[in-house]
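Two complexes, one shared chain (chain A), two partners (chain B, chain C).
The block that comes next holds the complex of A and B.
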């Protein structure tokens, strides 16, 4: 039996870090979905350690792709072949598995996006602007306020018979509105459903503003697990919504697919190997005093060797 | 006398005139320099909280100068074109600074720029000041003439020169107020990023005034804001004549002019031109992640669409690098 080539996709987001391993037929072998908890380096090291034990014998990592807001960091640690923005990564993954997609709705922890696809390419996209209303954090916050585990949130919404209308423009407004409705004696399931509808309304008014949403509509990102939100989207858009099998790791999957393309072209990978990930990574930051910009420069070290620096505006420290 | 000029707001538009003016009067010029984090911090601490970021920056630039010169030049822009205004904050700029306790009356050198009724005469405030200083009408008029010459020459040159013109990857139209598109700090180095990716950058200032007028004349109502007109007209011209491969509309959070213009451009793009288009909102945050992600994704999209539509030929059969039709 020949050697089996595997591809690693890493998506370091604000709320969760997702890692997938796929083979050259794009089949997902391993899937890790962990909360980032503000400590991306430790989380990455821990999950890589678990991961390396689970891989089939006679296999090797033939390519690594990184995406998400922590993509530079993950890329420096792993020695990534591709470091790609999350919009392109999500688009690529959806197009690979569901080529007839025309609209991608992606709702993650801190941002939400809409990607418009026509004739097999991304033709338009939008991301939420300054605020995080209409994202996973909004639901997360309200769920903890209602004392409902986030996993049961969506299921609960399905029992609702008369959803309550809740202001969805801002998490702070929503919260006071919600408390008011609670005091009036509305049932929890009706409030939960109301929150789902509020999020969807907010998403369509902000991120989806002015976009032509045509079927097939694909819903992905961590929030896609929430049935209440999916149903609310279906009601409001009056169309069926597809939630792909690997909805929660589509970004990582897209990065792995891009890594495969890149290494097929280049012929080799820059992956540093699982062993090197055992080494001590330290990340420190300092304020450069070269000019009044006082840039906060981040430095990633393996042992005593600096592997990457970024955060400076002028390029003095090698970042951009 | 040492005169300080804040390198902010419409400095980017009128600096040849201002610098020539004070040099010819024999003053020593002190510039506040390019925007830095320190200037931003000082500005946002002293300015009223709900103001837009460019005005906050102006406060910072003035603070940077106050102790380094005898007087700070604060232009009061009423109008720069016939029956047009610019943002009202420009009219009240000296009062705003005074109210914020940034600078005293005696320290300010305020000159009005007003072309609402007589646009050819908008610099008469400068002429009056020069006459008072020189006490010689002929010399004062010569100074004014040479300032105008410098300014005209600058505007002409600006029209012709494209940023990063050796690149052949494509052209991105960067539409925004001069104090955002030319201030590398506040726009988070967006032009630098585009250049690094190998794209040329086209600004509203690269589009001739006559084209802007033509585009604005198509609207049912007159836009009476000078910079609104320029952004709208230049954006429409770039799209209609396929001068660019994509448009980035960059605006500061809370800008009233841009709220209208950005929306108009987006609607017309969707209706008639269908070009890659995105808008980016800047504010006080210094984390570049969000802007970087959007720019990268936008350029990926531009590339894909170019590949689909044929490398250098737009669907309208025009060479994207020049407005000449190649069919």
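The block that comes next holds the complex of A and C.
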């Protein structure tokens, strides 16, 4: 039996870091969904260490793709073959598994997006603008405030008989509305359902504004686990919503698929190897005083070797 | 009198040259940095739009460098900009700075006041000096914009990524040590020549992206998170609907052809928006339609958070996008300095358009064969 080629997909998001390992038949072998906890480098190191122990013996990593808001960082650390934005990564993953998709709704920790697909290519997209109301971190916060485990938060909404109205436009308004309704004596399930509806309303008015939402509609991202939100989408759009099997790691999966394409073309990978990931990574930042622009430059070092620098405008430090 | 003015892109280059030719001592504000933003937000009303805060930061930093008189243009509304000068004056007074603000309002508003301000600015200079200085400085406005336009052209096509920016950065470093209009013109010419010499990729066809939106956020790169540079490095050619020279040519100079052209562009907007509602919302709509007609690949609207006129324009843009079949994206800027979210949006925007374009081309080809 020949050695088996594996592909790594890394999605470093604001709230969670997802890592997947897939084989060359696009089958997901490993799936890590960890909280970023504001320390992406440590989290990546730790999960890679765990991951390397779980891989089949006769396997090797044949490609790495990074996405998410921390993609540059993750790319520098791993030696990625592909560093891609989340829109493309999510779109590619959805299209690979559900080729007839026309609309992708993705709600993650801090971003929510809509991706419009026609004839198998991404034709349009939108992301939330300034406010994070309606994204995962807000739901997370509300769940912990109500002392409900996040996993049960969405299911609770299904018990609601008379959902209350919650303002969904702004996280501060929504929270104060929820507190007010709770002090008036409304049941928790009605408030939770009200919140789900409010968030969906906000999403459709803000992110989905002016977009033609046609079926098949696919709902992915961490929030897709929330049944309350999914049901609210189905009610409001009057269509069935598909939640893909790997809904929570679609970005990472897309990155891995792109990495496979890239390495198939290039013939080799730039992956640094798991051993090098065990070395010491340091990231330091300094303010360049070369000119009055005073750019904040970030420097990533492996041991004593500088692997990446960015943040400068002029190209002096190799970034821009 | 030591004069200063707020930053707006490269406006400081011709402004500096003009006042130096006039024999008026000037202090150019240091480039907009974190500190400018911090000073500005600390002393501004929280809800005011971003340009106000940056202006105020510029003033304070200039005052620290010895300025005692500030010159700004005004407008009597209808958007918040109409109140900038007056409120900023009050704030600086409360902070205990002993400075003078000369607000140059459009002539139709209060002509005697404008003349008085200009007279104070002229400080007994005769008409000959003023006209000589204007004649010498006016071409710098155009030359400066043309240098940066060449930069946009080159950046999208440069063979070695970063060449253009390295050169433009050098230019900005040298301009600070240059004095008078002649020196500036010489430097502009030199850098234009050097910029032209940057090797380009062969047979590369960049996407054409039009930028529309609020004038200040469009022109000041610190505020728009260097959107032109980012798009350029993604390989897109950017056309900015509004520039400093555009403003000078449509407001100060008797440039009739450009004024007529602008009128026509605004007229095209009439089925969506038929009047000035403050700021540059009307231009945003007009120029978006113009870009769509001109075969551009996409449009990006940039505005400061909660900018009243641009919010109106923003809500009109989806109809234009739909009816004229052109992708339009809106970016709202505020005090953010982390640009990750913007990079993602810009990268995805460009990539989406590029894929769509090559798909269309593929289809055209296959239809051609049938």
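In this section, the second predicted complex is superposed on the first by the 320 of 320 C-alpha atoms of A that agree within 3 Å, B and C clash if a C-alpha of one lies under 4 Å from a C-alpha of the other, contacts with A are read in each partner's own complex, and residues count from 1 in each chain.
Please note the rule applied: a residue touches a chain if its C-beta (ideal position, glycine included) is under 8 Å from a C-beta of that chain, and two chains touch if they have at least 3 such contacts.
Being a predicted model, the structure only gives us computed values, none of them experimental.
**Student:** Looking at the superposed three-chain arrangement on chain A, would you call chain B and chain C a clash or a fit?
**Tutor:** These partners clash in the superposed model.
**Student:** For A:125, decide between first (touching chain B), second (touching chain C), both and neither.
**Tutor:** Touch status of A:125: both partners.
**Student:** For A:305, using the defined touch cut-off, is the partner it touches chain B, chain C, both, or neither? Pick first, second, both or neither.
**Tutor:** neither
**Student:** Per the contact definition in the header, classify A:147: touching chain B only (first), chain C only (second), both, or neither.
**Tutor:** A:147 contacts neither chain B nor chain C.
**Student:** Taking the superposition on A as described, I'd like to know which of chain B and chain C A:58 touches: first, second, both or neither.
**Tutor:** Once the two structures are laid over each other on A, A:58 reaches no partner at all.
**Student:** Where on chain A do the contacts with chain B and the contacts with chain C coincide?
**Tutor:** 69, 85-88, 119, 121-127, 129-130, 210, 291-294, 313, 320
**Student:** So in the complex, the part of chain C that touches chain A is made up of which residues?
**Tutor:** By the definition above, chain C touches chain A via 30-31, 33-35, 161-162, 165-166, 169, 172-173, 226, 229, 233, 305, 318-319, 321-322, 327, 329-330, 332, 334, 337, 340-341, 343-345, 347-349, 351-352, 355-356, 359.
**Student:** Could you pull out which chain A residues touch chain B in their complex?
**Tutor:** 69, 84-88, 119, 121-127, 129-130, 210, 291-295, 313, 320
**Student:** Would you pull the chain B residues touching chain A in the complex into a rising list?
**Tutor:** Touch list, chain B to chain A: 36-39, 185, 189, 193, 196, 253, 266-267, 270, 276-278, 281, 283, 289-290, 292-294, 296-298, 300-301, 304-305, 308.
**Student:** Write out the stretch or stretches of chain A touching chain C in their complex.
**Tutor:** Residue list for chain A touching chain C: 69, 85-88, 111, 119, 121-127, 129-130, 209-210, 291-294, 296, 313-316, 320.
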